[in-house]
Amino acid sequence: MTDLLVALLAAFAVWTGWRVFRVDSMVRASFSLMLSFVAVGGIGVLLSAPYIGIATVFMMAVEMMVMAIFMVMFMMNPAGLNPMSMVHQHRISIGAGLLAALALGAAVLLSPLPSNPVLSEADVVAELGHELLGPSMLIFETAGVALLATMLGAVILSSRQGRFGNSDEGSRPPGLTPEGEPAGRKPEGGGGHHHHGGHG
Amino acid sequence: MTLSIVLLGAAALIGIGLYGALSQQSFVMLMMGLELMLNGALLAIIGFWSLALGGMPEGQLLAILVMAVMAIEMAIGFALIVAVYRKRQADMTESIGTLKQ
Amino acid sequence: MTALLALAVLGTLALGAVFAVAMDGRIAQLAAGFARQRIETEAPDRLNRDLAAVWYLALAAAGLSVVPFAPGLALIDSPVGIVIWGTCEALTIITVFLHGWSSNAPFPLIGAYRYVAIGLPVMLPSMFVLIAAALPAESLSLPAIVESQRGMWNVIRQPLGLPLFAIVVLTLTLRGPMDFADAADIATGTSAEESGAARGLWEIARAAMLVSASALAATLFLGGPLGPVLPGPVWLWIKTAALMAIFAWLGRRVARTTPSRMLTILWIVLLPLSFLHLAMAGVFAL
Amino acid sequence: MRLSRLASRAPAPVFGAIGPGWQVAVERLLARSGLRRALTPRDAGILLVAGDMPGDAAEALGRVHDQLPHPRATLRWTVSHETADAVADRIVASWRDLGAIDEADLLPDQPPNEWKGVGPHGQGGKGMMGGTPYGRPMAMTGEDIRDGLQLDRYTARIGPFAPMLPPGLVLEVTLQGDVIVAATVQHPPFAQPVDADAPELCAARMLTILGLDGPARRAIHGRRPGGIWVRGAVPRGLGGIEGAGDARDRLAAFLGGDRAAVTAPDLSELLPGLEWSEAMLVMASLPPSAILRAARLPEAA
C-alpha cells in the first residue's frame, strides 16, 4: 500500500516537474514546480518524516509564490497567451538530462541497496530537534548565519540605492578634490541606461 | 523496493532539472531547473534516511540543510536577477555575455 | 472513531460557515447568488478559476482537521500539527492569488498582487505566534498544546499571542482591515469578475476559513476543548463561536489602511512585536 | 424552492449608473435597507440608470449592462418627481420577479478582436514579446517612477461608471503594478448638485474605500458612523493640497460635519506616483465639485 502511494506520488512529482518546462503560463509553471515539491513532501510524510515533509510543503508554497511573482515580473507573456519556448542548446540539454537520469537510475538498479528502515515507534521529530540543538548545533547555527547573510546580501544586491546615488545611474563616488575625478576605478562605458538588451 | 521507487523518482527529477537548468534562456526558468534538481536530492535524502539508515537523525538534518540551500539559492538568485535587470534590462542568459560593468 | 471525527470536522465547518455568514447578515444574499449566472471572462486560466474556491474550502477543512475536539482526539493527530496549519496558511495565500490571477482581468490581478504582498509578511508573525504557543507544550502537536494549558490558558501567559493571531485570521479570511484582496477601491478585487455560484462558493470558503482559523485560535490560546462540566467538543464550539464573533466584529469595525502603509506596519511594528512575544514566551516557559 | 424564497428576501443588489445631477439621490437611495450597492456589475441584479445619460456614455452603459449576470433588469429613474420610496419599491419588485424580466445583451457578445494569431507563434509582435497577440496589446516595459526597475506598464481606461470614481469621470491610467505612472482625464465627471458635496456623503465615500460599509451607511443616514482607527487609517500627508490639508484632515472635517472647500490641482499631476488605493482614497477625499473643476482644468488651458 505504502509502495503504491509512494510510486504514485513519485510519478506525480516527476510529471509536474516535467510540466514546469512545457506549459506556456508562467504562473502555472511555478505552481507545477510547487506541486512537485508537495508530492515529495507527501512521500516524506509517508516515509515517517512528517516534519521534513510538511516543512517542505510549507517552505515551497511560500517560495513558489515569490517565484510566481518574479516570473510575472520578468517574463514576457506571463499568462501564456503566446506560445512560449525560450531554449538554447536544446539537444545537448536533452542529452545531458537523459544521461543524468539514466546513469542515476542504472546506479539505483544495479547497486545493492541497504535495507534498514526507520523504527515505527521512533519519535523522529524529537530526535531531529535534539540533533539540531545538540550534536549538530554548529551546523544548524552556521545555516542560520548563512541565511542572515543571504538576507543582507539579497537586500544589498537588489536595492536601487547604491552608496553614492542610484545604482542604475552609475553610483560613482565623489571626487577626492571638489569637482575632481571620482575616486576609485572608473567604470568602462560609464553608468547610465543601457538600452533594452534582449527578449529574443 | 520502496527505496528503489523513491530513488528512481529522484533520478528522473534530477534529470529533468538538469535539462531545465541547461536549456532555459530565462534566468527565472533556469532557477526552476536548479530547484527541481534540489527537489530530486531532497527526495533521495528522505528515501535513504527513512529506508536505509534506520532513521539516523543526521539524515533529517541534511534535508533541513537542503531546504536552507534552496532558500539561499532563491534569495540570492532573485537579488542577482533584479540587480542585472536594473543595470541592463536583461533577463536572459544570452544578454549578459560579459559580467563587466 | 476516525469516521466520527471526520464527521465532527465537516459538521463544524458547515455549521460554523452558516453561523459566519449569518453574522454578516448575508444568508439570503448568498442564496440569491446561487440562482444567478456565472460569467466567463476572456481567456481565463480556467482550471484555477474553477478550483480556487474549492482549494480554499479544502484548506479550511485541512486546517480544522488538526484541531483536537476532545483532549487528545484530533482527526489528524500528527506530531507536527501546528506545522500543518502553517502550511495551510501559506497555501491559502497561493489560493487567493490564483483566484485573482485566473480571471485575466486588471482589478482581480491587482487584488491578487496586493494580497501576496501583505500575506507573505503576515506569515512571519504568524509563525512566531505558532512557535510561541508550542513552547510551553514542548511539542508541535496540537493535543499536547491543549494539555499544556490545563493550568493556565495561553491567552494569559502569552498576552500578545491572540491579538497578533487575530491579524493572521483577518488576513486569511479576507476580512475588514486585512482584506486587501477583495477591497472596495478595486471593485471587490479578486472577486470582481466572479458572479453567481462561483462568487457564492468563494463567500462560503471565506466563512469556512473563519471557522477553521477561529477553532485553531481557540485551541492555541483558550485551551480548546478544556473546560468544566460540558464535554470537550461543546467547549471548543463555544470558544470558536466567541472568537468568530470577535473577528467578524473587528472585520466590520476596523478601517483598512492603504497596502503600502500596512506593509510598513507589518515589517516595522508587528514583526518586532512578534519577536518580543516569542522571547517573552520563551522566558516564561523556562 | 425554499432556496428561491430565501433568495427573494435578500437585499436587491443594485449597480448604479449615475447621470448628471443624480449622485445625491442615488447614493441616498442605495443606503436604504432592502437595497445593496454592488461594487461590481458582476455582483448586481438590477442596473439603475439615474438621469438622462449623455450620448457619449451610451456605449459604456451598454457594456455595463451586459456585464450583469443573468437574470437582470434595468430600471430608469429619470423624473425627479418620482420619490426615492417609489423607486425603491420598483427595484424590490423587479428583484423579486427577476426571472420573468431577464434582459438580453445590448451589445454583440464578441471579443474586440478575433482570437487568432499573426506571427509564427500566433502572436502579433516581434519575437515572443510585445505586439498585439490575438489583437490584444501586450504590456511593454517603460520608465518606472518609483524604483527604477523598468517593468511592464499597463494602460487602461476606467469609467464612466466605475464605482470608486465620481460618476461620468473617465480616466486613462497607466499602471506599473499598483502604482499610477500617468493619468489623463478623458471625460470630466457629470455635474452634480451642491448637495453632492455634503460632508456626510463625502465621509461615506471615504469610509467605503476604507472598507467600512456599515459606518458608511450610517454616515449617509446622518448618524454617527462609528468605526475604529478611521482617521488613523488614512496616511498622513496623502493627497495634500495647499489650503485644504491632506486626505486625513479632509476626512476629519467631513466627519465633523464641515464642508471642505478644496481647489484640487489637475488630476494628471495629483494622481501619478500614488498607488491605486491611495489614489482612490485621495479621489474620495475630494468633494465632487472640486474633482469636476480639476478635471476641466486641462480643457480650459
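Letters A, B, C and D name the chains as they come in the text, with residue numbers starting at 1 for each one.
We adopt the following convention: a residue touches a chain if its C-beta (ideal position, glycine included) is under 8 Å from a C-beta of that chain, and two chains touch if they have at least 3 such contacts.
A quick note: this is a predicted structure, and the numbers were derived from the prediction, not measured.
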Chain nearest the overall Cα centroid: C
A-C against A-D, pair bridged by the larger set of C-beta contacts: A-C
Cα-centroid distance, chain C relative to chain D, in whole angstrom: 30
For chain A paired with chain C, centre-to-centre distance based on mean C-alpha positions, whole Å: 28
Distance from the mean Cα position of chain D to that of chain A, given in whole angstrom: 41
Junction residues of chain B - those touching two or more other chains: 82, 85-86, 89
Residues of chain C engaged with two or more neighbouring chains: 43, 113
Multi-partner residues of chain D (each touching 2 or more other chains): 134, 141, 148-149
Interchain contacts (touch definition) - all pairs: A-B, A-C, A-D, B-D, C-D
Of all residues in chain D, those that touch chain C in their complex: 3-4, 6-11, 13, 36, 39-40, 42-43, 45, 67, 69-71, 111, 115, 134, 154, 156, 162-164, 175, 177-178, 207-215, 226-230, 232-235, 238, 275-278, 280-281
Interfacial residue positions of chain B with respect to chain D in the complex: 82, 85-86, 89
Interfacial residue positions of chain B with respect to chain A in the complex: 1-20, 22-29, 31-33, 35-36, 39, 42-43, 46-47, 49-55, 57-58, 60-61, 63-65, 67-68, 70-72, 74-76, 78-83, 85-96, 100-101
Footprint of chain B on chain A - complex, ascending: 2-3, 6-7, 10-11, 13-14, 17-18, 20-21, 26, 29-30, 33, 36-37, 40, 43-44, 47-49, 51-53, 55-56, 59, 63, 66-67, 70-71, 74-75, 86-90, 92-94, 96-102, 104-105, 107-109, 113-119, 122, 124, 127-128, 130-132, 136, 139-140, 143, 146-147, 150-151, 153-158, 160, 167-168, 187-189, 194-200
Touch list for chain A against partner chain C, complex: 25, 27-28, 31, 34, 50-51, 54-55, 57-58, 61-62, 64-66, 68-69, 79, 81, 123, 125
